[in-house]
Amino acid sequence: MQRIDGRAAGELRNVRIVRHYLKHPEGSCYIEMGDTRVICSASIEEKVPHFLKNTGRGWITAEYSMLPRSTTTRTPRESVMGRINGRTHEIQRLIGRSLRAVTRLEHLGERTVWIDCDVIQADGGTRTASITGAFVALVDAVMFLLKEGKIDVFPLRDSVAAVSVGKVGGEILVDLTYMEDSKAQVDMNLVMTGRGEIIEIQGTAEEAPFTKSELDRMIEVGYEAIKRLTVIQREVLSDITHVWRF
Amino acid sequence: MQRIDGRAAGELRNVRIVRHYLKHPEGSCYIEMGDTRVICSASIEEKVPHFLKNTGRGWITAEYSMLPRSTTTRTPRESVMGRINGRTHEIQRLIGRSLRAVTRLEHLGERTVWIDCDVIQADGGTRTASITGAFVALVDAVMFLLKEGKIDVFPLRDSVAAVSVGKVGGEILVDLTYMEDSKAQVDMNLVMTGRGEIIEIQGTAEEAPFTKSELDRMIEVGYEAIKRLTVIQREVLSDITHVWRF
Amino acid sequence: MQRIDGRAAGELRNVRIVRHYLKHPEGSCYIEMGDTRVICSASIEEKVPHFLKNTGRGWITAEYSMLPRSTTTRTPRESVMGRINGRTHEIQRLIGRSLRAVTRLEHLGERTVWIDCDVIQADGGTRTASITGAFVALVDAVMFLLKEGKIDVFPLRDSVAAVSVGKVGGEILVDLTYMEDSKAQVDMNLVMTGRGEIIEIQGTAEEAPFTKSELDRMIEVGYEAIKRLTVIQREVLSDITHVWRF
Amino acid sequence: MQRIDGRAAGELRNVRIVRHYLKHPEGSCYIEMGDTRVICSASIEEKVPHFLKNTGRGWITAEYSMLPRSTTTRTPRESVMGRINGRTHEIQRLIGRSLRAVTRLEHLGERTVWIDCDVIQADGGTRTASITGAFVALVDAVMFLLKEGKIDVFPLRDSVAAVSVGKVGGEILVDLTYMEDSKAQVDMNLVMTGRGEIIEIQGTAEEAPFTKSELDRMIEVGYEAIKRLTVIQREVLSDITHVWRF
Amino acid sequence: MQRIDGRAAGELRNVRIVRHYLKHPEGSCYIEMGDTRVICSASIEEKVPHFLKNTGRGWITAEYSMLPRSTTTRTPRESVMGRINGRTHEIQRLIGRSLRAVTRLEHLGERTVWIDCDVIQADGGTRTASITGAFVALVDAVMFLLKEGKIDVFPLRDSVAAVSVGKVGGEILVDLTYMEDSKAQVDMNLVMTGRGEIIEIQGTAEEAPFTKSELDRMIEVGYEAIKRLTVIQREVLSDITHVWRF
Amino acid sequence: MQRIDGRAAGELRNVRIVRHYLKHPEGSCYIEMGDTRVICSASIEEKVPHFLKNTGRGWITAEYSMLPRSTTTRTPRESVMGRINGRTHEIQRLIGRSLRAVTRLEHLGERTVWIDCDVIQADGGTRTASITGAFVALVDAVMFLLKEGKIDVFPLRDSVAAVSVGKVGGEILVDLTYMEDSKAQVDMNLVMTGRGEIIEIQGTAEEAPFTKSELDRMIEVGYEAIKRLTVIQREVLSDITHVWRF
């Protein structure tokens, strides 16, 4: 079966990552996966949340937002609504957890890295693109800390990337567009490390429950895609291999 | 290895479900899993959200809350904070999705079932206990609709129950207490149907990534526990077998 | 005239108080007055509001909430509305004042007792049941402080209980159900001490003004009911008579 | 005992009411009780709250606010805080109830009278001054409806006025200044009709409970003061006696 | 062309300023420009915003609000809406900037002057009347600081007053009423010092763009009006000429 | 005097406008003025605000926001703060007014154009860049309406562009960077049409008042800059000259 955009079931959309996209943040990048486009930045704050004070450990937290017209029809701003909705909360918690899972927080020192993922254009997979891009921004923020002498040890233990997998019309597809996602019977987001371990798996039956063997197949397909994303991340970050090789 | 409370790794805590716990709601129950205690209610509203108007389909939505002193130290009320936090959003979206996944919404008619899960006392696994209890309340609300002649067809296609599984000190444990949960390296919530299919799987590496084979083992252990919860649900609902047998 | 539920005009509904209802709070109870059911807890916080800092005095404050489906039709959560409504404010201020009026705050030390009254099921008189139950929870929180050696002197000077009184169909009734309350011409809440002094009186003409002699009659009837509530509180707390006898 | 400002225990402060204080509202007045100064307005809206639609009945609702510097030290605006506090809620509900209690709402027609009480300067008794002034504004709004031919029957059945009474240093005082109020052992607000019936009584033990005979004495003193306020209202409204005499 | 109220194009409405209008604030006044009536107060707070801590400099900030029925039809309170609208923000920022521009903030010491402008009745030009009145309140607050010995040097370097100018039906008019304002093609607010320098100019094409020469003409007309307002301010403040002459 | 970046006093930074920057909105562009980068979109909604219903007239409204790390240090999101601050309100009102001033709203039909200006990177002049870019997005949205046959007449009567002008160190500079802006004694934003008429002028004395002749000089310098921006807009939109030539 060929997909609308001609891709094979296990094929990623075109991925493009532009490092140093913004001049102010310590780390930043622009990531495109097909028509999904996200600006990721990583900002250092020399403070930690209350529960980490005097522990010597750092923190990574994420915020996610969509421009009002990143979507097919205009979505009202959350600032205007006066509150952040459940989906946004869910996504930004996922991004934060995913990055923390590959970070030795005790090597960050008592500071916070704020990850901002702002979706410029949405066409499915905005949360997974955010994670893949945020990792690149995080690496640059960490490099900044090293150069400034604020930390001595490179604090990341592995890379992290993410992809969506879904069962659409009975078939397992990877990196779903918005169109495919809206017809999916099962929707899964998979976050894995460069070494192939799982950081987060979220599988949801949108319409009908799924079997263990379907789950296994989705993880397999997702794993292959994440391997390719890891290769792209490595290329983009190839100039830091003297410090860290993942 | 024996657990603090003497349970085996795959053993559930004591489960107790009291049906018809409240007099006003169309369906309600009280569920205890060890020291975790939740009041679940299901309320019928003869209205659907905007996007379902004139589709003939119904909706199920959930709200979740904890009493301020359900927790070890007092948690400020979300009504006082003026906003619902991310964790609450995440949980109530999970509960809603889980129940919708076993419901033929077109057989509900254009009405909404509001599920309210209020945690009276928390000791780990409040979201999974909420799902297991909410299913019982939902069945009674649906029975109410049948008795009132508002629907003709029993709209549920399977039962649903949920359990937490975690990796604690290298071991896979089921139905974690708060103490165990706070030490878990991996934390998973598994929602399955009575027939053993997966509705939702959420696995999170709290500290270190996990392998596919660890995931498989966790699903296996969780599945066994959900089978036992399903038996308990069946007993509690044994008087409706003339209408529905799951 | 006999009332719907067969009670005499001055008769209370069945009262049931379960002490130590929750495992986390320093004091807690469950109170039932007929179909009105409330969970009360008393939590110690080792802090006082700003205006009491460095005065050596403590504080008691209350929060009140109703489960969404404690009511005949579902009431939206205040956390979802984003604000606490006027009725809730009014009630929680009343509960707080009532308990402070029988407490020697200078003997509490610089700490706050948070009273939480959560209505599980509502059938009239939720605020008065909350006060009567909250007193029991407060006593246990105070006993906790004594046992922990945090205070030396028992800081309560009297007990407190409350009841509603109303003029319904020309007759003065005590402890109104929701049905009676909604038909009342005059609605009064009376909070008194075990010794029979008044802490708070709130009488409201819902439909038509009332005379001083009607007020006198309502107070008289309410006083008799509060005496019976005091007896019940004494029984429930009979094991602390070595420390305090009220 | 003479009071700080030379008044006798049962003596009111100077009362001044200026009718037609604002040009836009259908009814408005300015009321001064000593240094307490309030602007009251009554605005007609040709709509009723949802629960009154198609009942033919009208509604009266009140809002109360204090200018930030009406108080000794500046009080932050509730609009800036983003929420209305409990005291404000309590007061505006009291004002609304008091006016509704003397109004035949079925004779108002399906419209709402919005009462706005804005405290320009506060020196105790702002809620009672608001009620006394709001009644005058309400009369003028009602006269407007009559003149416009929107209603045929004068819908008020009695006048309403209010006063504070307190026990200060063992003595029963009427119309307390802020200074007196802050030292009161018992604080009572009494709302009565021109014919001497009670609309609302709220008595609170600020420090120590009070006896029934103290309550009786406070009501007696308050009643005398309200009689004098009624006389002042009558004088101010003497030109409407062809329509209504209270 | 004669205006509705008989004024000439460049003529101000009647201006009336009552100093010391409130007893609590350090400075306050009541200002009337025709039917526009505003209460202005200036409150001293011995604190500065975060960004000024340890700089030795003071701050002036303003809040602006309208009574709900200052307007032709009732405007809902911002406290009830839960947020301050854009127009209010715009106006209070303008008032604050205007006063700061004539103040040597380093001579205020580390304290804040809170300016509150509350519109009692609105008939056009409420923001400009607020500025003109707020200056008088500010002078009195500053005199208070001098008398109390909290500052040594009079910190104002000039007076400030403001007026609206508009192009209505092709003609340039000053001090517009609400009626005139609502028909204006161009709307300008001009804030100037007593010495005739510009502090703020805000000119807006409501309907059609305007030329530079029209702008020049509006400034000229506005300047003449501000000179007359300055004379009135001087008269009102004539008793402080031993300290400051502007 | 040469400026930090080598520009002459009256020289603009490099301007770059990319049309059709996003795929979903009816009109969109990306605008760069030096390091200031803004995404502008124009979305059609087939609805008008309440006050325009059944008038046949359309509306244009704008929202403005900055990415958290568009600024030197991270600015908290307004969605997280729960409210939009005063500066944002001020700016988005300015953008909306500026575009409406060149639009024949009666030719838009009863629909709203939502303008979204999202600042990706901020280095001074974000509001003026937003206006200049928003005009281009608006033109494309209007072209969309024409092509779709929803309107017959091109509804814009002129182009609009904006620039900042300031007095920095005694000199009049155009198109200020953030650095220059923060040292400016006078700060002016000028919005003009392609034909050289004024739509909005906002001049603010940040530190010291300014004279009429300084104002004249600033307008002159700003006017020259806006002429150059108009030329750039014309080039970017050169393909629509068959429909409209400005």
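Note that the chains take the letters A, B, C, D, E and F in the order they are written out, and that residue 1 is the start of every chain.
Here, a contact is a pair of C-beta atoms (placed from the backbone, for glycine too) under 8 Å apart; a residue touches a chain by one contact, two chains touch by 3 or more.
For clarity, every value in this text was computed on a predicted model and none was experimentally measured.
We define each chain's centre as the mean of its Cα atoms; on that basis subunit A and subunit D are separated by 60 Å.
Subunit C and subunit D have CA centres that are 28 Å apart. With centres taken as mean Cα positions, subunit F sits 51 Å from subunit D. Touching of two or more other chains is recorded for residues 82-84 of subunit C.
Because contacts link each chain to exactly two others and close back on themselves, their graph is best described as a ring. Order of chains round the ring, from subunit C towards subunit D, by the touch criterion defined above: C, D, E, F, A, B.
Listing the residues of subunit E that touch subunit F in their complex gives 83-87, 89-90, 92-93, 97, 101-102, 158, 192-193, 195, 197-212, 215, 219. The touching residues of subunit F, counted against subunit A in their complex, run 22-25, 28, 35, 39, 41, 43, 45, 63, 65, 67-74, 77-84, 114, 116, 118, 120-121.
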